[in-house]
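Next come the structures, one after another.
Across the two complexes that follow, subunit A remains constant while its partner is subunit B and subsequently subunit C.
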Partner chain A sequence: MMTNIGSRLTQGQFSFLPDLTDVQITAQINYALERGWAIGIEYTDDPHPRNTYWEMYGNPMFDLKDPAGILKEINDCRKAFPRHYIRVTAFDATRGWETPRMSYIVNRPAVEPGFMLMREERDGRSIRYTVRSYATEKPESERY
Partner chain B sequence: MSNVRPISSDSPAAATTKAATAKRYKAGVLRYVEMGYWQPDYVPLQTDLVVVFRITPQAGVDPEEAAAAVAGESSTATWTVVWTDRLTACELYRAKAFKVEPVPNTGPGTKTEQQYFTWIAYDLDLFEEGSIANLTASIIGNVFGFKAIKALRLEDMRVPVAYLKTFQGPATGIVVERERLDKFGRPLLGATTKPKLGLSGRNYGRVVYEALKGGLDFVKDDENINSQPFMGWRDRYLYCMEAVNRASAATGEVKGHYLNVTAGTMEDMYERAEFARELGSVIIMIDLVVGYTAIQSMAKWARKNDMILHLHRAGNSTYSRQKNHGMNFRVICKWMRMAGVDHIHAGTVVGKLEGDPLMIKGFYDTLRDSRTVANLEHGLFFDQDWASLRKVMPVASGGIHAGQMHQLIHYLGEDVVLQFGGGTIGHPMGIQAGATANRVALEAMILARNEGRDYLREGPQILRDAAKWCSPLRAAIDTWGEVSFNYESTDTADFVPTVTASA
Partner chain C sequence: MSSPSPLPSDSGARVDAPASIDLAAILREARVTDALEQLDRELVGLIPVKTRLREIAAFLAVEKARSGLGMVSGAPSLHMSFTGNPGTGKTTVAQRIAEILHRLGFVRKGHLISVTRDDLVGQYIGHTAPKTKEVLKRAMGGVLFIDEAYYLYRPENERDYGQEAIEILLQVMENQRDDLVVILAGYKDRMDTFFRSNPGFSSRIAHHIDFPDYSADELGQIAEGMLQRMQYHFDAAAKQAFDEYIKRRQSLPHFANARSIRNALDRARLRQASRLCRIAGKVDAEALSTITGEDIRASRVFAESSRSD
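Right after this comes the complex of A and B.
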């Protein structure tokens, strides 16, 4: 169990708020669509802070402009991976950005065991740190 | 040179020109306007560097002569005619003042003595590639102490794309910084460890750990935290990295602490930066007082070592605050984007330090836009194409707290680091709670903004609603809700009818 104030992983834009409702998620989808950003859904059972490449639940939806359709995709992903972390990312293709502009978690496991900090003592009091997810002691797709 | 026309050698015009040239180079003293530094018909080239100065001439010096003097003394002129000019293509090396205008709301009938804006063009060949030191030695090297002018201020500078392309620019930039940190769509949150002086390494790291675990992304060394008797730099780095890594494991987020590598010599700075890198820090910092060349060196080092480079603008107000003399901070912003820093303190609007909202908008645009458009109300005299130099993340720090979140996001946008030092560490329920209050206020406000709510007007209500379920935020609002710093700014726009008050 994580010991931070919300006992939860705090990646993403809104992890310090109560879980977003579908109405709230729809408003965020609209914000991205109004700016021409494409929405992608990604899931993982390895939420290490440096795990950049969560699995894609399909490609970013460049051509889907209907917020209800995008919400349905999110909910389908939640049904398929109910105990995984799921995040919604908005991709901006504008020159000078060409990078994600939004990223927020919309699904997480009921219990979040968090991470162990491993220390390797080295010369001159230096320590090499490694962060390991407790969940990843089990193989992929058998975690949580 | 576009304005020099060839004249055939046997024409009457040529005879006149010969006579004029002989007169021009006769030993003695000429007025600067007669030496070629005042050229009202000159049309700047795309490759010229163009500068706007604010001049307060001495009594009896007309504005064109003052402008020509500034052009002269910042390029080829000295106080008397020298024949050695004729060994050179001196027309090219002469800076050309081509426009003078009275500054609005100065002169007779106002509280301020008469000032003038002058526009001066410098040929590209006056400057060494990739050297802020050379650029500044030319433009501000000599002329600010010149007797014929009472006061002088460098207001803005258009840097030609050709010259910009000789600079590395920000080592990391906003886009890459966000990708490395995996943080998108909201301002980043930071705090400066307090008290500034006296904490041991062990005690210092405690503050860092609590603030990061509570929800901040960054904690920061203060500008004068280097390596003093109470805390050596190696101790600080070791304890801070323990704090950063502990907090990262406790939250699952990438966290950082700006390790200040400022030191007495470049060799010491490199040694400290190397140690920060070995320990796995994502970010280091330097102070503006290390100097332009040291900043460029550290920017190159940072690019080479995948390090974010934070710059604290220590000392800038000694020359940027007063309107009549020195240089505007927007010019520092331009030079620092060229020099290659990733973060720079650029004002808060609502906090304890100097900052008119319109002026600060101009600074932020200068740091973040791919192309800034001339906007006199924001103090931007020129269109500036940034030639794909990366974007600098502005940092807002000094006397800000969670209760101002709606104003901060309104004025500063989302690509900014909001630093709540006292507003985190001084929280009545402790440092972690202080950090949580700031993060909850931030996320609640971004959520509301994205939902299309009028968050600037509804901001206090949005915060009160979040405070119902977040007791740290409630305590923050109860403690600081009414604190504000309403003083008139000194560095304000010249092109608006009234002074804009800080909100």
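Right after this comes the complex of A and C.
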């Protein structure tokens, strides 16, 4: 996961595939809408795998019938954050699930530097590992 | 691109396009004829409206055939405005249109979102745009029906947020014509004023449809249809009384066509119920479903006019 295959972040669904086209995104949104899942659009410039809570772009979208409105929202988000990661999540509110059922990236920065493996020497000869994104070395507005 | 030759970008269209397409088959496949006939059956009168609907349905079928033959077919603008007096069936027709457009494949889902000013315009600065966009998002793939649209524009208050909603609507009506159809509805005179002060709206709406008032005969038919659906019927005296009622009611103020008829029938059912309970004792299905002349003639309309006579 940390090896930055092909200089691409691999998180969520379809992340080993080429970027989804708008038609493909529409089809995925349709799938979620048919099952009554609420769709949210989120963005971030901190791609650390443990960064679970991305910023929401607008409110989560309930009660929609057609993907056109969501696609418009995605494109608005791309316009506002052209060099951020943007993902689409579909939340299933059914009792027992109550969790995102889909999550995939729809926008990514042109250059993704990947992650560095950090080693910390502890007592004795033990070592702790962690990763950090090269991108987050810079302040928030200057990443990517 | 303006010549009606096969689209060059559409690879294979030149080879695969059939030489002719059966229009009747398109209509049959989309079951449009069914929808139109159902409209004829269930909605009394409204001849100009039905004619226009037929034209639109025919036009959409032709557009479909044209694109089937690889000819240029720009997405037609289907935004409409319905003007007419209260109770002339604007909402009912809007629902049918959503269905017809869906069957012809011009809207993807065919649902109808019915909104008024409250749903579009916010209460404070910055509240309107998200609210309007939210509604538009919900209406995508279907029909957005804005009832009493003229309330969106309040000329007496230049800082009214309605203007913002109008601007967003116009933008979406223009840019996302394939994604949704907007139908504005309202009373004739006020809609005319509204369109005069917002020329952008008027020019973006291809179909201005005027709903005529119903004649007394048509109202009678509507009443019988309503009763039938509720499993009631008039007896002979009631039929006569109701025809008279319609004539009197039409001349009174606040007459709202079919809506007034429905209210009158509701009150008649109320009186029928209290009459039956007064008599008490055993009743059969016939008694429970019959509305008599007495139930109709107890109406305020008869009382007032006899006093004034």
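In this section, the second predicted complex is superposed on the first by the 136 of 144 C-alpha atoms of A that agree within 3 Å, B and C clash if a C-alpha of one lies under 4 Å from a C-alpha of the other, contacts with A are read in each partner's own complex, and residues count from 1 in each chain.
Assume a residue touches a chain if its C-beta (ideal position, glycine included) is under 8 Å from a C-beta of that chain, and two chains touch if they have at least 3 such contacts.
Here the structure is a predicted model, which means the values were calculated and not measured.
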* Asked: After the subunit A overlay, clash or fit between subunit B and subunit C?
  -> fit
* Is A:24 contacted by the first partner subunit B, the second partner subunit C, both or neither? -> first
* subunit B versus subunit C as contact partner of A:43, first or second or both or neither -> neither
* Regarding the shared-chain residue A:16, is it in contact with subunit B (first), subunit C (second), both, or neither? -> first
* Structure fact -> To the nearest 10 degrees, subunit B and subunit C lie apart, as seen from the C-alpha centre of subunit A, by 100
* To do: Tell me which of subunit B and subunit C touches more residues of subunit A.
  => B
* Which superposed partner A:57 touches (first subunit B, second subunit C, both, neither) -> neither
* To do: Please work out whether A:114 is in contact with subunit B alone, subunit C alone, both, or neither, and reply first, second, both or neither.
  => first
* Is A:68 in contact with subunit B, with subunit C, with both, or with neither (first, second, both, neither)? -> second
* First (subunit B), second (subunit C), both or neither: which does A:103 touch? -> first
* **Nearest-approach distance, in Å, of subunit C Cα atoms to those of subunit B in the combined model** => 16
* **subunit B and subunit C contact sites that coincide on subunit A, given as residue numbers** => none
* Can you list the residues on subunit B that touch subunit A in the complex? -> 175, 178-179, 182-186, 213-215, 238, 241-242, 245-246, 248-254, 278-280, 370, 388, 391, 432-433, 436, 439-440, 443-444, 446-447, 450-452, 466, 469, 472
* Sort out for me which residues of subunit A touch subunit B in the complex. => 2-5, 9-11, 13-18, 24, 27-28, 30-31, 47-50, 52, 89-90, 95-104, 114-117, 125-129, 131
* In the complex with subunit C, residue positions of subunit A that touch it -> 58, 61, 63-70, 72-73
* To do: Over in the complex, which subunit C residues touch subunit A? Could you list them?
  => 108-109, 111, 130, 136-138, 140-142, 176, 179-180
